[in-house]
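First subunit A sits with subunit B, and in the next complex the same chain sits with subunit C.
Here is the complex of A and B:
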């Protein structure tokens, strides 16, 4: 007779093996290694929670301290490769295979280990794609997650950084997996229940609070006049032009400049209430002046941001908050919102090629892409119209009955022609192709595909790729805003001038913008301290961003 | 979408001092169009040393000197450009300031203003720079002895460090904003020599509460605290010119006594907040977050706030 409960039986055995190390569900930090060695089996699929913000760092340290003779050949399926321990486990032989989405600070080391064959790479996913696979073919056997507090029954309070936790737990707990949560404190009663206790098998009281990276804080003091000029062009030439109300901003100083110009430049243009009202966005401190000036109706967040907790609690009309008053974020829902319910994504990149493909991967750095590939894609499953979406769809052209033509999501790349250390942002060929060749990858790691990009904004102007009708036009439109890079200097001047006459390329003067007006005095806040003052003292920036 | 026409405000008084260039500070500080530069950039008086290190030079060597008017009064003024080599003192940079101070003895202006923005001596021409610091301090003593107030204005990106901090100590009066920092050894220098336990240079809040404008004002190291606009610095400069003390034995003895008393009273404090507590500040932790208005109100309540520093 078929045994239909093999997985359940295996799970019960794991729990039983771990039992001696726990008091009920509670495990002291000192026993975390014993706990993991008891639960884990060679070849397990493991989700070690950590994305671009919060990290289950206590459990990461415990996993990397496990005995490779007992715990080996794990298949890690996790959002972020961020902590050194995330890669240490591959060096030690504890883990072998990797499927992930994002790697920021570990980008250079991950590249070396991929070249050295220490990591067997599945794929670099978008968040939503990896989450989707948790429910189909990458379901974790064990999830190691992080929360702020738990009671002795395992009821978990994630705090404002809920992020991936509900998704990871859903996939693991309901498919015979084991869930271990590290928490900063065991309490009698949690402020709110983010994850019900019957989905949590063990709670480890961590030796120190879990780490959160303040990834979304941009110091207004570092915003340059070039970035301000580009922000003015984006506001006037795209936000106003398409009437963009629902949007997502990527990380970067360019988008921070846009946020800081809303209450000043955009307000003087008379755009308040007409653009940028509904957001899928982390709580960016640089959005505080726009919120305080009444620009923003509501924001749903992927995660939280260090120092923003008190401010968010005081603005429940704007943010999604729980009965306890603190933010409730959710990466899976917010990524879905950004995909289907936003009309614009705007972000930056390191390299754009002649067709418009872009990537942040270079030959010696394999950064994953975070939310950009998902936000920066045109969802073919969308069925609701909006003026913005329909206008972009009309610009893209097409044939047949207009009622049968879909709209287009606006996907905007905001890049200076020369990036950090004067490296050109426009290239003939993406480094990602060379990396794919060396690693024998079937797919080159592209952040945003050319057919999803609608506009490129540089300090030289805006290229509207929707209006291009041939590949040649598209290439010249890109060259036409690529400034003094090799790609820019290789332009066909006569053709670029014709594209400008058709409005495919628009220079600052075509938009009625005087570049000399792009001055830092336009920024609603010029420093982190100004942001604190805008927030009425509610924003509490981390020490490294203070200069007072 | 119909857009409104946009106009841009151009009142130099509203500009941020911290953000402005040295030339923009001078232009906004002095009466409109009154500044006449000596040895301007067109004369190309540049560092003779920097080419040895393959480093770029500036036509004015990061120091702008000249004469102008402040509310109608004749003044001499010097401004350091903190964005060129951190406003550091090199041979030409220093010589221009020494020359200006010596010119003051002949011109007898109502005051001499120094707009500090410096990390100290330029390491590539350290001997010339150190000499310049000494010459500047000697010249300031002579100018003050001749009855001409020397007013230091501090609120730039580079702060006022190293030899600049020493020179500031010899001025008649100092005006500082919150972002202005005054010290001799900078945070990184202290950390390198004494360790992060002594001074963690990455703890930015610690840096500012130890060296920043609010602490310097509370401790009597600076005589006026202003908001970060060129207009606020202009108003404070005018007020402080009128208040500058005589440079005589009585002033120096009073200053010596004040410094001895300060050391005795605060010498065992481990953090600026302890100093502030002893000064009678009720909630020292709230001081760094205060706006200029709230900080002014705090100063008005403190019995010792109007220090006559020199």
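Here is the complex of A and C:
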């Protein structure tokens, strides 16, 4: 007779093996290694929670301290390769195979280990894509997650950084997996229940609070006049032009500059209430002046941001908050919101080629994707119209009956033509192709594909790729804003001038933008301290951003 | 350190009467641009002191575009460059020209 309960039986055995190390569900940090060695089996699929923000760091240390003779050949399925321990487990033989999404700070080391064959790579995903696979073919046997506090029954309070936790737990707990949560404290009663206790098998009281990276804090003091000029162009040439209300911003200084120009430059243009009202966005400190000036109706967040908790608690009309008053974030929902309910994604990149493909991969760094490609893509499953979406669709044109033409999401690349150390952002060929060849990847790691990009904004101007009708026009439109890079200097000047006549390329002067206005005095806040003032003292910046 | 000199003839004089202006600062990644209205109305020169060698052709292109777009006849420009990127140079030149035109 078929045994339909093999997975359940295996799960029960894992729980039973772990029992001696726990008091009910509670396990002291000192026993975390014993706990993991009892639960884990060779070859398990393991989700070690961590993304570009919060980290289950206590459990990561415990996993890397496991005995490779007992715990080996794990298949890690996780959002972020961020902590050293995330890669240590591969060096130690504890883990062998990897499916992930983001590897920002470990980009150089992961590239080396991939070249060296120390990691068997499944694929590099976008966040939503990896989450989706948790429910289809990458379902974790064991999830190691992080929360702020839990009670003895396992009811979990994630705090403002809920992020990936509900998704990871859903996929693991409801498919015979084991869920272990590290928490900063065991309490009698949690402030709110983010994850019900019957989905949590063990709670480890961590030796120190879980780590959160303040990835979304941009110091206004470092915003340059070039970035201000580009922000002015984006606001006047794109936000105003298309009436963009629903949007997502990337994390660069260019988009921070846009946020800081809303209460000044955009206000002067009379755009308040007409643009930038509804957001899928982390709580960027640089958005505080716009929120305080009444620009922002609401924001749904992927995660939280270090130092923003008190401010968010005081602005529940703007942010999604729980019954305890603190932020409730959710990466899967916010990514979905960014994909389907926003009309614009704007972000930066490291390389753009002549067709408009972009990548943040260089030959010695594999940064992964994170969520940008989810937001920075035109969702073919979208069926609701908006003026912005329909206008972009009309500009894109196309064959056949105009009544059957879909709209288009605006996907804007905001890039300075030269990056750090005068490295050009515009290239003939993406480094990602060379990387794919060296690693024998079937699919080159492209962040945003050319056919999703609608506009490129540089300090030289805006290229509207929707209006290009041939590949040649597209290439010259890109060269025409590529500044003094080799790609830019290789332009066909006469053709670029014709594209400008047709409004496909627009220079600051075509938009009526005065270069003298591109001045730091235009920033609503010029420093982190200014942001604290704007927040009425509610924003508490992390130490590394304090210089007073 | 590298010194570069470019001379262009222009079809027009830069509008305005202001004799002199300075934009920018001498700092790493930035530059100071001194603009003086001291040449015949169909002449333009620029002298560059740059901290970074080997970008002569980029400077030449930036200056040629500036001449093309602004027709800065009569100007003598002196640049003290702290390794600014070409976009910063172009922005400073545009800002300087606008200042000289403003009065």
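Going forward, the second predicted complex is superposed on the first by the 548 of 548 C-alpha atoms of A that agree within 3 Å, B and C clash if a C-alpha of one lies under 4 Å from a C-alpha of the other, contacts with A are read in each partner's own complex, and residues count from 1 in each chain.
Just so it is clear, a residue touches a chain if its C-beta (ideal position, glycine included) is under 8 Å from a C-beta of that chain, and two chains touch if they have at least 3 such contacts.
Because the structure is predicted, anything quoted here is derived from the model rather than measured.
Asker: Tell me the contact category for A:546 with respect to subunit B and subunit C: first, second, both or neither.
Answerer: Only subunit B is touched by A:546; subunit C is not.
Asker: For A:187, select first, second, both or neither according to whether it touches subunit B, subunit C, the two together, or no partner.
Answerer: Neither partner.
Asker: If you stack the two complexes on chain A, which partner ends up touching A:450: first (subunit B), second (subunit C), both, or neither?
Answerer: After superposing on A, A:450 lies clear of both subunit B and subunit C.
Asker: Which touches a greater number of subunit A residues, subunit B or subunit C?
Answerer: Comparing touch counts on subunit A for subunit B and subunit C gives B.
Asker: Does subunit B (first) or subunit C (second) touch A:268, or do both, or does neither?
Answerer: A:268 contacts subunit B only, not subunit C.
Asker: Please work out whether A:390 is in contact with subunit B alone, subunit C alone, both, or neither, and reply first, second, both or neither.
Answerer: Neither: A:390 stays clear of subunit B and subunit C.
Asker: So, does A:243 touch the first partner subunit B, the second partner subunit C, both, or neither?
Answerer: So A:243 only meets subunit B here.
Asker: Thinking of the overlay built on chain A, is A:526 touched by subunit B (first), by subunit C (second), by both, or by neither?
Answerer: first
Asker: In the complex formed with subunit A, which residues of subunit B make contact?
Answerer: 1-4, 6-9, 14-16, 18-19, 178-179, 202-205, 207-208, 212, 214, 288-289, 291
Asker: Going by the contact rule at the top, pick out the subunit C residues touching subunit A in the complex.
Answerer: The touching residues are 55, 58, 61-62, 69, 85-88, 90-91, 94-95, 98-99.
Asker: Across the complex, what residues on subunit A touch subunit C?
Answerer: It is residues 224-226, 229, 416-418, 422, 458-460, 483-484, 489, 509, 514-516, 518 of subunit A that touch subunit C.
Asker: Subunit B touches which residues of subunit A in the complex?
Answerer: Subunit A reaches subunit B through residues 236, 240-241, 243, 265, 268-271, 274, 517, 519-522, 526-527, 529, 532-533, 537, 543-548.
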